[in-house]
Structures are given as structure tokens and as C-alpha cells.
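As C-alpha cells, the structure follows; a few thoughts come after it.
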Amino acid sequence: MQLIKAHKLVCAEVLMTVALIVFIALCVRGRVRDDVPLSDLKGPVLEQLAGAENMKEAGAMKLRSLYGLDANDYAEVLLYIPVSNMDAQEMLLVRCRTEEQADAVAAAMRKRIGDQTGIFESYGVEQMALIRKAVVDVQGTYCLYVCDLNSYQAQSAFRRALTR
Amino acid sequence: MKETRSRKRGNHAYYRILAGLFAVLFLVFFVLNLVLPDRTLSVREKRMLTAFPAPQLDRVLEGNYSNDFEDYASDQIPFREFFTDLKVYADSLAGRNESQGVYRGRDGYLIEKMETPDDVVVGRTVDAMRGFAELFPLPQQMILVPNAVSVLKDKLPLWAPTADQNAFAERVAEALDGSGIGFKDLRDTLQIAGLDGVPLYYRTDHHWTTDAALACAPAVLETLGRSFTAKGALLPVTAQFSGSLSAKSGLGVRERDTISVWQPEDEPVILVTDSAGKRASLYSWDGLNGSDPYTVFLGGNEGLVRIETDRIGAGRLLVFKDSYFNCFLPFLLDSFETVDIVDPRYYSGDLLMLMRQNEYDQILYFYNINTFSADTSLALVLGEAVEQAGRK
Amino acid sequence: MNRRRFRSLFPYLLTSVLLIALAAGFLLSRRPVTGADVSDPAGRVYVSEAGERSAAEAQSQIRAARKSASSAGPTAEPSGTAAPPPTEPVPTETLPTAPPETVPPETGPAETGPAGSDSEPRTDAPPESPAETTADPEPPTEPESSAAPAPTTSPGPSPETILASLQEQIRTLNIDLFTPDELASIRRRFDGAVFTGDSMAQGLVSFELFDENHVKFQRGASVGEFDPQIQAAIDTLPDYFIFFTGCNNVSTYINDPTEYYRQFVSRIEWVKRALPDTEIYVICMLPASDRFIQYENYHVARSPEYDAQLKLVCQDTGVHYVDCHWMVRQELYLEDGLHFNLAFYTVLIKFLAIEMGL
Amino acid sequence: MVFSSITFLLYFLPVTLIAYYVARSVRARNIVLLIASLFFYAWGEPVYVILMMISICGNYFFVRFMDEAREEGRPVRLHLAFAVFWNLAILFFFKYANMMIGLVNRLGGFSLAELKLSLPIGISFYTFQALSYVFDVFRGQARCQKSLPAFALYISMFPQLIAGPIVKYMDIEERLAKRSITPAAFGKGAEYFILGLAKKVLLANNLGALFTQISGTVPGERSFLMVWLGALAYTFQIYFDFSGYSDMAIGLGYMLGFRFPMNFNFPYIAGSVTEFWRRWHISLSSWFRDYVYIPLGGNRVGTARHIRNILIVWALTGLWHGASWNFVLWGLYYAFWLILEKYVLGGFLARHRAAGHVMTGFIFIIGWVIFAFTDFSQMGAYLGQMFGIGAAGLADARTLYLLLTSLVTLLIAAAASTPLVRALYYRTAEKCRPLALALMAVTLVLCLAYLVYQSYNPFLYFRF
């Protein structure tokens, strides 16, 4: 009897410690880093894109006209647009200053999908294939918009680079 | 503890009534808060009030939902205006005369403080202007309009700290030296007009009045190589104007300003083209009755507005501006055939193409100091054009 | 209340009075504001003639001022006038298209159109040119444009040489695109023009040849489905109104080409009524690529038949029909085989400039 | 969730109190209160509520099984040590891990990546309460709590969960099982709550804004008078923030039938540092005294070991307040003064009460500057300017403006940090009841007004 009684206490101790360690692990792993510069993120995400070669980097004016966002409000911005504007490949990486900003950027990205659909809907067959696969993803203060054949691979590369 | 025992015999009657008062206050407020319908717009603050935020799992898990709900709860509290006024009243009793960067000055004037300018930002803007001037060596003028915080310094509360607009204007003048861009600070013109009793700034808004713009018209047109000879009168169109500084700070909610409009005797025929299409009048009368009456001048936020007049051959002007220019525009119409007005904060077109398409005779930068000292859009728009020109 | 009790209660009464005074002060400060009415000391009220004038009047007055100034002095820039129509362009090899099944149109153009056309419709006689003409595109007929006033030919190469070089570029398929300065001058010359149509017109914006103020399009719309865009185009009060529509109309009016005829006529009449002294141009219905017809949509093969209807519309309403069939090449299509690339649009615009005499 | 928010005042509190009074039996009320408390905590920390539950279950089972084992005479000292270690490990990992990593990196030259973990709210409070339960039961001062919900309620009760006071288990044990509420007690609770809310919203927040403005100014533009004004503002802010929360907690306790211990007893009228620490955050210092200082021997040991005890206890007290070295320095700063008073200044202070008050005043104002700046260079600059080194002149227009516009608030704050205001209020309550009631109602409405205004951020419409 005493043996079981003694065991009960030890079991409780072990069980609770395991629970604690599991919780800590989940917390640490789940945490998104916020110290990663966009230059580190650019490589892994871009190399996933199928249409990377016919895309070119665009400046703050394009960011404003396409997304209605002002580049100065954010820590870093990286925008890639198609060389010929009859294509739909596009990628936007924004590192916000606060998480609240990330919500507004994500909303602008979703609106961009709507705009692109409006443009290519009735006749852009390949373009619509890309737009249907477009992805908007927010990880902490980082926002990603990808419209490409391999958007999902780009998204997982984006997430891998940000978690521990 | 010694201290709690002494209250043991305390006056229970008082605490029972207090209990009742507290319960009633909270119950009444709780019920009212649930029963009264949510409002969508606060006219006083000129903004939309937060609607009930539906809980989404990821927002809740990130802990952001609690902030959304707090915004909703305080936005939709019954008698919201009563509470905000009470806070402002209590502040004035406690001697505070500044709220959200706006001072409550003498004679009912609300005056906006000037934040210390970031010289890097201003430097970038001036460099972009110089680069643009090299690219398009047209005659160009920079007009800098000081704000009430500098011109109506005597109306500020005692010792109220603010950055120095005159020193800032001199720094900009120095930076533009030798760039081929003329520089004119309207400080002296306004001060003289002020001495003549001209009402220079609105009490509840951060803009200057049309009277002040009229007083400066001769000086500005002179820098553009023209003379202001038009005769006419300034006629009031509204006396109900409660401006943006009152909305921003909650102060001066009982003050009302008058907006006047220039009525020239010989009015030029004009055609205004903007994103909404073409119209024959400069003024937007539904803007006057909307939530911001100042938009009577030229309407809302337009990236590019083209004005064509029947003064043929009087020259083609390109203007980079902020909202201070809107009420000044009527005084230019006699002196130019077309006036293209670009507001860099909302312009997303191709400036280089605009320059190539139209042969402008003159370029005018027209800014007030508060906006110019913190502006990043002008550098963006000019810089893009210069860079594109370099690439092609 | 004896003196001692009063003296002991005095501070509280004083505080109560102070509290009530402050509360009263606050409530008074929240009285509703009765603003002064708008009164000018001299009693004048702002009246603006500009306010009464409509945009169209303002524009015409300004144009009149420009014309009088330009006739008076050389300073004004040349106003847009129609250049002399091109002489006989040499049509190159004809376009191989499948023979369209002939569906003789039963009735003439219907009277009723959405805007009730009051132009002289060809009421009874069926259009003489039966639909089964061979697909061989006749050379661009003489557009019956009203004789324009003495044209001031713009300096630089004459329209004929430009047209010849365009045809050469099409034949050799090495088409030089716009340089920025060329595009700027094209935009300046087309400043008074507005395009309207479906995704064909939209190409002008996607390739950044013109901005949104000059192209009002609705992707995928056939002639009866882009009235809002036509209205928007009318609102810009243009000097030149250009329809640029594509093969959507074939599938929409597949079993009734004359309905297409009727719809198009009523739209043109509407524009003519809204803009009496604006010249209207209609770009021909360009065919889809062969591979598109084979794999995607065999209906579209009948596009020449609808193009013929379009030519009739132009003849009947007296507007310019711009025939661009000669510049169509399989290599100039985009991957989707239905739309054209930048090179094609560049040639189209240069040709249009000649046609319109800009 | 925090007490000073509209969500708490107009949504959470009414619903909870209504549900609480509708439930008749204490058991039902405990359940209602437990659910409300877990919701209260989860509202702001949806993830870390699980951590608190782990802490609750852990402590519950450890102590229960240890109690059974002890009744059967088996030694539990080892398990007790494990329980204490387990609780401290949670606190260490979530609060102090980054601090220690930084230390290790600096000392050992490693470059371990910092854990980007946010600090769970109230973890220091509920960990210390759990430890007090473990010690009280182990020392026989309290019986082991058989019911898990009751124990969970003790740890997570929302009034004292976020900002204390740290309630020892033995002080609350019997009220967990049996308690009643009278209208007078509810009224008493309402009074404490309104006064606490006023301290927090009307005084602490406004003076906090003043300090933020001053400490945010570039050092080169700060005059001598300005830095002292800032230090004074922070001194009042930290006091009215902490004591405001404690008063609200005590008030809510009254409304729910509990009696929480007084946490602040006008510390700023102390005549010596020793007396200051008997009035400041009483529940914390008594926790350290009962569970750390006395077990270490307290002052019943030789001078050297007594000094060591004071240094240890006060370093830990400092560290408890925040995970950065300036808090430890703040703790040691007070240890130094306590030792000095104990062995050197004792007699002098007894004789010169007035000098004692002034000296203590300067000591805790300087102490709060150490507390306020986690960055040592900023702290050094600020302190230097307070002693005239590097200050931009005696005073300038900006300083005078800040003083002028906050004078009224500072005067009220000074009065409210002495028993004067409360004494006046109690006499009014007895002598002229309607005025006292009116003052209470006005204060509550004013607090609501200031809370509503916090969200007053009109869309900067005029920016166009």
C-alpha cells in the first residue's frame, strides 16, 4: 500500500513536470522571431517561386498604386511585380513595426487579390490559375503575399525561416 | 491591524446607502450599455466608431481580441460625448491646456504644436527637389506658409513649448540655396496682414483662412513673375465650421469658424478635371455640407487635378501642394492657362510621363511648415521620377 | 440650527456649493451651439456663374477661346484636325479563315434601341452586302468622314511613309516599340481622345499606353453590356470617341448578328447625340488566333461575319471604320490566343494616329 | 483584463457580481468566482492561462499527496524541496530566463539566442501564493485543501490575481469555506474600489504621462528642475498605480465576502526607511519575512549573518519586481539604507523626526529613479542631472510649463499620499452623508470619463 502511496506522489511530480516541459516547448517553438531582416527571408522565399525569373523588384510608388500602402510606415518592404503587366506573378514581403500594422497590411493584400481577379477574371486563364493559388500569410510582424504556381511552397519557406 | 478595528463601529448606514448607489449606478449603466443601439459614426470626432468585433480564433489566441473589444466597449459607451467633454472640462480645471498636441490658446484659438522636425526626412525632401530641378530646369518657386503656432505666437498659453518654425524656414532656405528653386517664406506678409486686423487662421482648424491667402496673393504671384490685379470680394459661405483641431483634441467644441470664398468681378471660365470627371466650378458644395467643410475648396483627396481656363497663352503651371494651397488656388486662375495640381500624398500616376506630356512653363511647391516638416510623399514622387529618368 | 452646529457643518456646505457650481459650469458649457448665420456686412451673397455653367459649356467656351487665339496668333498649339485619309494601302496576303455558315439577316436594323435612335435607319431594305461575302477583307474603304477643315499636317514623316514602314514592320515581324518620348507625344496627341470597349481596350491600360482617364473598359462585355463605361467616356467630353471591342459579341449574338447590328447602332446614336461635334471611330472586330479557334471556341470562327456587320453599322451611322485586319499575325497574339501583345498595340495606335490625322 | 478598463467595469464586473449573488451556496459561489477568474485571466492571456492551470494542479496534488504521506510518517522534506523548486522553475523560466541568458552571454562570451517569450501577467503573484500554500500546510499553519476548485480559486481569484495583494493561504482558508456579504460590506467594498480606481485613473495615469514626457526628452534639453519634477511625478505614479490596484482588489474582496490584507499604509509619510518598508507593499514584505527572512534566522543571528539576511531578502525583493538588473540594484540600495539605519542612524532618526522624514523622502525618490530606468546609461544620465551634472540650466520655459500644467494634480497627489484626504472623507461621510455620496458618484463618473477619453483618437482627418 505504502509503495503505491509513495508512487502517487512521485507520479504526480513526474507528470506535472512533463506537462510543464511540454507547455514550455510549445511556447518557445510557437514563437515567431521578429529579428529576421527581409534580406534573409528574400532568398528562401524567392527560390521557391516558379515565375521568379520574369519578376522585377518595384519601388514605393508601385507599392502605393497597387496596394495603397506607404512604404515609410513599415520597417522594411520588398515588392516583386511581373516584368510584363499582362502576367499575374507577384510577391510582397512587409516587415511591420507592430502587430496591429500587420492586420492592415494583410487586409491590403487580400484586397489586391480581389483587384487581380477583377483584371484577369474573364480572359486570363493562366493568370487566374495563379491568382486562385495566391496566399496571404501573417507571422507576427511579417506579412507575405505570393501569387505564383508554387505559392504554398513559398509560404512554408517563409514560415520555416521565421520560426525557431 | 489597529487601523481597520477603528472602523468596525463605522457608520453602517452610510455604507448601505453607498452600496445601493454603487449597485444602481452600475446596473443602470450596464443595462443602458446593452440596450442602446451601437452608433457607426461620431460626427464630433469625424471618424467611424468600432463595431462589435466578432471573435476569430487566431486573433483571440494572439491576445489581440481583448484590445479590439476594449476599443468597441469605449467607442460604444452611452453618452460618449458627455464623458469626453467632462474629461476636457476636468483637465481645464486641473490647469492642463494641451490635448493630443493641440493647445487651447487665448481668444478661443486652438493652435497645433509643431513637433521637432526630423532633419533626415526634410533633407531627403530637399534633395529630391534639387534632383528634380536638375532634371527639369524650369523656373520653380517654393512657398512655405507658417502655421498659427508661429504667426499667432502671442495666443499660445504661457511658456507652451513648440519647435521654432522660423528657424526651420531658414534651414530650408539655406538647403535650397543655389538649386535654382526660389524660396519665399510668407511670415512677414502674414504678420503685416495680421496687424491690419485680417483673421489669419481658423480658431478650430489647422488651416489658414481665405483672407490670409488673399493677403499673400500679391507676394506669391510676384514670385511667379505675375501680378495680382484681380478685384473682387471675400464672401462668407458658412459660419458653422468646426474644424479638425477641435475634432482631434476635443477642445473648443463650442467654437464656430466662418469660411469665406473669393468672388472676383471678372471670373475666368474654368474647367476642372479630376478622377471624378469634369466640372465647371472649383468649389465642391456638398463638401461644404459634409463632415469637413474645408473640402469646399477643390473637394477631397485628389492625386491630380487639372484646371483649364480661358486665359489663353497665360502659361502652364505645375503645383506640388498640400491642403493649404486649396484655398489659395482661386487667386492664380487669372494668371495661368492651365494649372496641374499634384498632391503627392495621393498621387500614384507617372510623374515623368506627365512632365513629358505637358510642357510646363513653371513649377510651384506650396506647403505649410507643419506638413512639410514631416512630409515623406514629395520625396517619394519626385525621387521616383528622377530615378526612372535615370534608368531610361 | 444653532450656531455651533452651523459652524461645524460649514465646511461641508461650502464644499457642496463649490461642487454644485462646478457641475453647473460643466452643464452650461455643453449647451447646444446656435451658430451665427452667414451674413456679409455689405449684404452680398456669393453667386458664382461658374457654378451654373455645365462642364460641357465650359469646355466649349475654352475651346472657342483657344481657336480664336490660335487663328489670331501662331502661339496656340495645333488643334486636333483630321489628317487627309490614307491613299491606297496595299493589303498583304489575305487571312485564312474558315468560311462562315451564311445566315441571311431577315430584317433591317431594328428601330428600337435603348436610346431610341432617330438617325435615318435603313428601315426596310435588307443590307445589300449579303453576309456570305468571302472572307477576303476589302481594302479599308473610304471612311465617309465629313470633310475636315484645312488640315495643318504635323511636321515629320508624311502619313504614307509611316504606314509603309508599319506594314514593313508587320511583314518582317520586328516591330519597334514606343520610346518614352514617342509615347509622350502619342499621349499628347491622343489627349482629346477616349477609348471604350472590352478587354481589347483594357490592353491599352495594361500595357500602360494610356491612363485610366482615357480608357473606359469592361472586360468580357459585349456591345450591350458596357453602357456605364460609355457614359463615363462621354463624361470626359472627348474630341474623339473610339470603340474598341472584341469577339465577346460573337458568342453573345451567335444566333442573331442583326441584334449585334441593332445594339451597336443604338450605342453610336447615343454617343452622337451626347457629343454632337465629336468624331467617332470604330476599330474592326479582330479575329481570334487559329489555335484559339481550334482548341477553345469554334464560335469565334464566325468573327468576320460580325466584322462585316460592324462595317455596315459604321456606314449606316456615318462613323469611321478602322480596318486593322492587315496587321493581324499569329505571332502577335498572347499565350491565350485571343488577345494581342504590346507590339500589336503599338502598331495599332500608330496606325490609328494616321487614320485620325493626329 | 485590467480593472481600469471599460470592458471590466461595464461588462465583466456587473455580470460576475450578478451571477455571484444569484448563486446561493458558498460552493456554487466558489464555482462562479473560479470560472469568472479563469475567464478574467484568459481574456488577456489566452495561452498562459494553461500555465496557471498547470501551476494550480501541480501544487494541489503535490501538497495533497505530501500531506497523506506525512500522516503516514513518511519523510516529505525532499518532496517539499521539489515542490518549491518546481514553482520557482516556472517563475524563473518565464520571467528571468532572458536576463540570465544575457548575463551568461556577457560573462561567458557565448551568444545564446534569447527566448522571445512574453511575460505572463501576474505570474509572480500566483507563484508566491502557491508557495505560501505549500509552506503553510507543511508548517501545519493550514490544513491541506481537499477540493481542487477551492484551491484553484485561492490561486486565481481575479481581484488579487493581476496585481496582488499577495494573500497568504492561512489568511483566507476559512473564508474559502464560509463567508457572507452584508450590504454595508458591499458598500465598504464600493468605497475602496472607487478610491482605488480614482488613484489609478485620475492620478497615476496623468502623472505617468508627465514622467513619460520628461524621460522621453533628449537629455541635453532636460533642466535641473525638470528632472526633479519627473522623479516626483514617477514617485506618485508608481505609488498610486500600485496602491490603486490594491485598493480595488480589497474593495472587490469586500464585495465577494473576503477580507484581503491592507497592502499600502501611506508609505510616503514614513520617518525612516525601515518604517517605509513596513508601509510599502506590506503583503510582499511580510511574505519575504515569513518565508525567507525568518527561516534564514532573521535578526536572531550575529550581525554579519543579519546583514547577509537583509542583503539576500532585499535583493530578492528587488528581483521580484522585474527581470532586469536595475531592480536588483534597487533592492540592494534599500538593503544598504536599512542596514545603515539599523546599526548607525537608528538613534539619530529617533531624535530628529523631521530630518528623518525629509531624508527618507529623498531616499525613496532616488530609489524610484533607479526603479524606473532599466537601461543603466539612461539612469546614470538622469541621476547625474538630478545632482546638477549635465543638466541644461536650472529651469527653462518648457519646465515651467510642465510644472504649471501639472501643479494641481501634484498637489492633490501629495495630499492623497497622506492620511489627510481619507480622514477628511471619513468625517464628511459621518457629518454630511449626501456630500460624501455625491463625491463618490462624481469620482466614479470622472474615472469613466478619463477611461473613455483614452480611446479618443480621432482619425487624423485633417492630414489631407
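Some notes on this structure:
Letters A, B, C and D name the chains as they come in the text, with residue numbers starting at 1 for each one.
What we mean here is this: a residue touches a chain if its C-beta (ideal position, glycine included) is under 8 Å from a C-beta of that chain, and two chains touch if they have at least 3 such contacts.
Every value quoted in this text rests on a predicted model; they were computed, and no experiment measured them.
Shared contacts of subunit A and subunit B, meaning chains that touch the two of them, come down to C, D. Between the CA-based centres of subunit A and subunit C the separation comes to 40 Å, rounded to the whole angstrom. Annotation: 37 Å between the Cα-based centres of subunit B and subunit C. Centroids built from CA atoms put subunit D at 43 Å from subunit B.
One simple way to say how far apart two chains are is to compare their mean CA positions; for subunit C and subunit D this gives 70 Å.
Within subunit D, residues 47 each touch two or more of the remaining chains.
In subunit B, 86, 93, 349 are the positions where the chain touches two or more neighbouring chains simultaneously. Contact topology of the protein chains: fully connected, every pair of chains touching.
Subunit D meets subunit A in the complex at residues 47, 50-51, 54, 57-58, 61-62, 65-66, 68-69, 72, 74, 79, 82, 86, 89-90, 93, 113, 115-117.
Of all the residues in subunit D, the ones that touch subunit C in their complex are 428, 431-432, 434-435, 438-439, 442. By the touch criterion given at the top, residues 22, 25-26, 29-31, 33, 35-40, 42, 44-51, 53-55, 57-59, 61-62, 65-66, 69, 73, 75-76, 180-181, 183-184, 187-188, 191, 208, 211, 213, 232, 235-237 of subunit C touch subunit B in their complex.
Those residues of subunit C that touch subunit D in the complex are listed here as 8-9, 12-13, 15-16, 19, 23. Of all residues in subunit D, only 1, 5-7, 9-11, 13-15, 17, 43-47, 183-188, 190-191, 193-194, 206, 261-262, 265, 397-398, 400-401, 404-409, 426, 429-430, 433, 436-437, 440-441, 444-446, 448-464 touch subunit B in the complex they form.
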